[in-house]
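Here the structure comes first, spelled out in structure tokens, and everything after it is commentary.
Read from first to last, the chains carry the letters A, B, C and D; within each, the first residue is number 1.
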Amino acid sequence: MANSVSEEEIFNQYYEELEQDQLGPLWTKLRYMVTKEPAHDVEPYLWKWQTIHKHLLRSGELLPLGRDSERRVVYLQNPSLMKKGLIGYATNTLYAGIQLLLPGEVAPAHRHTQSAIRFIIEGDGAFTAVDGEKTYMEQGDLILTPSWTWHDHGHEGKEPMIWMDGLDVGLVRNLAGSFYEPHPDNAQPVTKPDNGSTLRYAGGSYRPVTERKKRGYPSPLLAYKWEKTKGTLHHLSQLQEADPFDGYAVDYINPLTGGSADPRIGTTMQKLPPGMHTQAHRHVHTAVYHVLEGTGYTVINGQKFEWSKGDFFVLPPWSWHEHVNAGSRDAYLFSINDRPVLEMLDLEKEQPYEEHNGNQPITGIFTPVVQESE
Amino acid sequence: MANSVSEEEIFNQYYEELEQDQLGPLWTKLRYMVTKEPAHDVEPYLWKWQTIHKHLLRSGELLPLGRDSERRVVYLQNPSLMKKGLIGYATNTLYAGIQLLLPGEVAPAHRHTQSAIRFIIEGDGAFTAVDGEKTYMEQGDLILTPSWTWHDHGHEGKEPMIWMDGLDVGLVRNLAGSFYEPHPDNAQPVTKPDNGSTLRYAGGSYRPVTERKKRGYPSPLLAYKWEKTKGTLHHLSQLQEADPFDGYAVDYINPLTGGSADPRIGTTMQKLPPGMHTQAHRHVHTAVYHVLEGTGYTVINGQKFEWSKGDFFVLPPWSWHEHVNAGSRDAYLFSINDRPVLEMLDLEKEQPYEEHNGNQPITGIFTPVVQESE
Amino acid sequence: MANSVSEEEIFNQYYEELEQDQLGPLWTKLRYMVTKEPAHDVEPYLWKWQTIHKHLLRSGELLPLGRDSERRVVYLQNPSLMKKGLIGYATNTLYAGIQLLLPGEVAPAHRHTQSAIRFIIEGDGAFTAVDGEKTYMEQGDLILTPSWTWHDHGHEGKEPMIWMDGLDVGLVRNLAGSFYEPHPDNAQPVTKPDNGSTLRYAGGSYRPVTERKKRGYPSPLLAYKWEKTKGTLHHLSQLQEADPFDGYAVDYINPLTGGSADPRIGTTMQKLPPGMHTQAHRHVHTAVYHVLEGTGYTVINGQKFEWSKGDFFVLPPWSWHEHVNAGSRDAYLFSINDRPVLEMLDLEKEQPYEEHNGNQPITGIFTPVVQESE
Amino acid sequence: MANSVSEEEIFNQYYEELEQDQLGPLWTKLRYMVTKEPAHDVEPYLWKWQTIHKHLLRSGELLPLGRDSERRVVYLQNPSLMKKGLIGYATNTLYAGIQLLLPGEVAPAHRHTQSAIRFIIEGDGAFTAVDGEKTYMEQGDLILTPSWTWHDHGHEGKEPMIWMDGLDVGLVRNLAGSFYEPHPDNAQPVTKPDNGSTLRYAGGSYRPVTERKKRGYPSPLLAYKWEKTKGTLHHLSQLQEADPFDGYAVDYINPLTGGSADPRIGTTMQKLPPGMHTQAHRHVHTAVYHVLEGTGYTVINGQKFEWSKGDFFVLPPWSWHEHVNAGSRDAYLFSINDRPVLEMLDLEKEQPYEEHNGNQPITGIFTPVVQESE
């Protein structure tokens, strides 16, 4: 009949009515909301150190530090997330920036609910002060500035100081949990001996009786010295088989809990001896890698990401990946991740890649996105 | 001078270069990434039961259930999040839908990593089956289908059955943790006695010796009967002062942990006696409310949201809110929230409203958004 | 040679010298200190209710309550432990007594580090007050008076009230942890509504929002009503197979932790339907049983202990045991044990008896020890 | 009247009847069972190293090791506990012995539920093997052999090796939890690299990714090297005020839990600089001290116990005590205690001594008990 209305028209009419009332039909969206495998907007990406370094030094020339420019940091902007308007996102949960502090400068004191870690890339003589205690930073060290602790950075050395900052910006944004407060003073008052937490826990597994009542948060240990990290990896490589997926690798832990050094941001250092080619696997957690030493590549979902000293790259959620040390010396990869959060929320999964003896066929080689000039 | 370049031009040139290399200057974005108070896109909203109900019944006429339409659910689409392309979001972390199951129907078995709760609105004779056990559902009951457990719904009664579904869709999406699997059978095999978990833990704080080794997950208790919830609130109102912000209120808990019944989705029932007007406060966690009984209003950031039986409304993060029972009988508000997640991650904060004796001046009255017809 | 000294003499001389210096040779004592299986001095024993009851009523005639006689209790003295000078020990860790309170009496307020539970045997109208709250007691109820909480008992009813007391006297003594304090008042001031904790948690698994910050200790639930305990066991017996060793049985738990209602004294109720004969097993933990209802026997290390309503008996550590309901109605056995302590300290083990299809040959029948009259 | 019976006679008659029925009147024993302050049989005692050493060397001459003499150990027998028939008790819960292993010897492999620690006094070249891994021992090291792990000792060096053993013999005996098993082989097979656990966790707070799933028990770290312990105490003494009661002191902890290295036996090392005189306090937990270095004295309940290098002494429960370094060099006291058990069971208390500015008047000087020769 000419007047008949098709079923499709009926449904479309119904859907429009729902939409007008701010409602929706689950049956057309279920596959979108509840996906078979993780859905996300994160693409892998790699930044060359040369590029970052160049821009960073330029920022040192251009920008003085002060209350209106508290931190001189060039951050990694994942282009796939920029398209979604997610400024400052390296992954869905993590932010990473590279910070430059010049001799004599102070990066003013503040606190925020975002957790932060620092990984030292170049220089010495600068410190991070946390809740009244200065910790001096050296290359390869990991420094914690736990959520909502007062922290500032100062530089008493002679050469520019460069480090990586890692924060859970995306996580906290998604949960609407951001709070920030500037300290009344530019540099907070120092009330405790320098490097106290580090020295107090430097020997390993001892707890001062004066800290018997201390809970795990904030961590009583604020710095992990590269010498110790490297030594531990050295021993590991003497003692046991490499982990099939990560080589010789350790998580930095809180001495009072045995859990992640920062309770929300996982931190891992891995050593790949020359020639090591790990097996591929994937997991829900995402990571930002920094190449501390070495030359090699990582295959992510079939695409080859070639890296050398200083580079940064992003591993998206649930992405196949494997690492190769293509150089003649040990490679060291430092990374931050959101594994602790996924584990607390019981959302972590892991899967080994089983085809082709555990290694992915290479289907492409990463080259940086080139922005069209206007 | 004609040749001189302004500082602004220099910076802009620099920013463009950064952008081309997928980098960004933190100093211009810090205030955006690390906000003084929670930043989010969630606006409060309220849906009238009459509207939902009308559309839901219509869906019953239009849509048969089956593998391609596993659930007949009309979901709440927060318009402020729709603008951001976030389909099916009531808040940044939570989804809520209203489900209709007709006599004789089966909503097919599946499982997903999203946690889900059900709150029964109308009808009886239908069941939820979880991991081989059927739980029959009655008005006012809370039913759990824990993350990654097989579940289906069937209806052996005579009248349409309506319930609220609550899932942590936004949370899981933000963490890229979604996994989904359909069960090979439409209805999973029933291998355990009906209502077993409910009866086993109905008496309260007893653990069968056969469950001595059981950990808290998944919860050994899958249904919380309205009769018990109501009774507990009755006793509370006899025993103690009302909570200034929530009236007489309880969280549903897991008997083996004392924590939230679902480990990620908080569930709360509150009773407001006639005339009760609570104090205003705000907290980071967000909530979706359902009016089980009563007439009144909630003031959210100065705006009045008038509710009556069956309505749903959304409380955004860090929003001042207070509740008023304007009717002559007890009002009962059921709500789901993301408090357990914020507490696990140490991101919850709470603040009482201190001006005007704790109550907000009313600056507007909510009316639904009207979509422009085209 | 005539002068030669035997090796034995040399060693004995050496041992004497050690002894003079308060030292000892491990090699002669290792098997004593570190035994292959648990070493202890606990023998099983059974007390008939008729005997206890007779003496208890007599104490009611003889002894007025007061500050010098705070409790009118006849306690179970295990004769095997009396031989070791362990006054008031039913087992190595547990004490059990039977208390009589007459109408109008007050058992004065005090507190001690020993944990205590009460199990109500006869009567009503009496209450236990804990930290300002009265809980009225009825037959079959379990009442907690957690370690170091103020408690007193009062009787507002008309008939004598009788209950079992269970304390971890031996445990606390062995650890030198006993502290005791009398309350300045005979009866502590009542500052909270009667039966508050019981009513607040009566409905089961709900936590008032006003108690969100509460930790598990002391338990927010002070009484477990017999009606609920019995109902839970009824449901269990409908829902599942009996536990092979314990029949239908539940542990009383703390709603905020899922752990033992009292954190150190385990409390269990078991139901044995007519004809049930459980399998034998043994475990490190020790127990004191009270027969709430029924007639039957328990075989302990081959010896038959015949019990009927009201009787008490002791299960030593690491002793084979099995229970038989020889009557025509359900039997209910209440028991206290030190399982929570052994589990916390990782010292619990359990072993099923595997010979003879899991039941012990009976090698003797218990008859009470008769003290020689002098 | 001649026939009248006194009240005392009536009660005595009643008490006799109770006794005949293995019952007792609580009102006459309550003060004994539930004491105002800890009741125990432990007296303080001190053993001179010279005496121990002499006897120990003699045992080396007399006793060959073998399956019938598995350990060549001279143990501390507290005379106050010997009077109670408690063989091998240093305190109510703790045993301490001094072990001698000669070059080439093997102390055969076994396991037991008692926890054990070793503190190395003299020598090197010997190892402890635990669950397939050898740990070489040097002076000042703490070695763990966790409960129920296979362990044996072997000596590949050239000089006699002497160490302290600490076990929770009394605790386990009181709880009837002793199990023991000899290993089928004299020395268990070595299946892991030497010193693996120590090297793996030597760097401090790192967890190999291969041990991400590891729980805290058994500890992944089996040896605490003196060099690190000493270094930590050195840093502490530079960084902070001494603890008023313990000087500069640390507890050895498990890197995966932050709790006591052995979950039941607390282990502490304290450094007292020359002239240090601590404040007195008391606590429920008991301890056995070993003087690693230095000369001084400890005042226990007013009695002076003078110690020098190598000596051992016992601190009873709830006893006032303060330490004095009377020498010109740092003194180091190692001690084992039952604090972890008391804390798990919520029975620990502590009290500072407040009179005389925190120091006890000295009322006596300890001299060893002299056994009457017969």
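By definition in this document, a contact is a pair of C-beta atoms (placed from the backbone, for glycine too) under 8 Å apart; a residue touches a chain by one contact, two chains touch by 3 or more.
These figures come from a predicted structure and were not determined experimentally.
Note that among the pairs A-D, C-D or A-B, A-D reproduces the B-C interface, with over half of its contact pairs the same by residue number. The distance from the centre of subunit A to the centre of subunit B, with each centre set as the mean of the Cα atoms, comes to 30 Å. As a whole-number value, the distance joining the C-alpha centres of subunit A and subunit D reads 45 Å. Centre-to-centre separation of subunit A and subunit C, using mean CA positions: 54 Å.
Residue numbers of subunit C whose C-beta contacts span two or more other chains: none are found. Taken as a graph of touching chains, this assembly is arranged as a ring, one closed cycle with exactly two partners per chain. Taken in their complex, subunit C has these residues touching subunit B: 193, 196, 199-210, 212, 216, 221, 224, 228-229, 231-232, 235-236, 238-240, 243, 246, 249-258, 261, 268, 270. On the side of subunit B, the complex with subunit A involves touching residues 10-11, 14, 17-27, 29-30, 32-40, 42, 45, 47, 51-52, 55, 58-59, 62-63, 68-79, 82, 87-88, 92-93, 95, 97, 112-114, 147, 167, 169-181, 217, 263-264, 284, 286, 316-318, 338, 341-342, 344-349, 368-371, 373.
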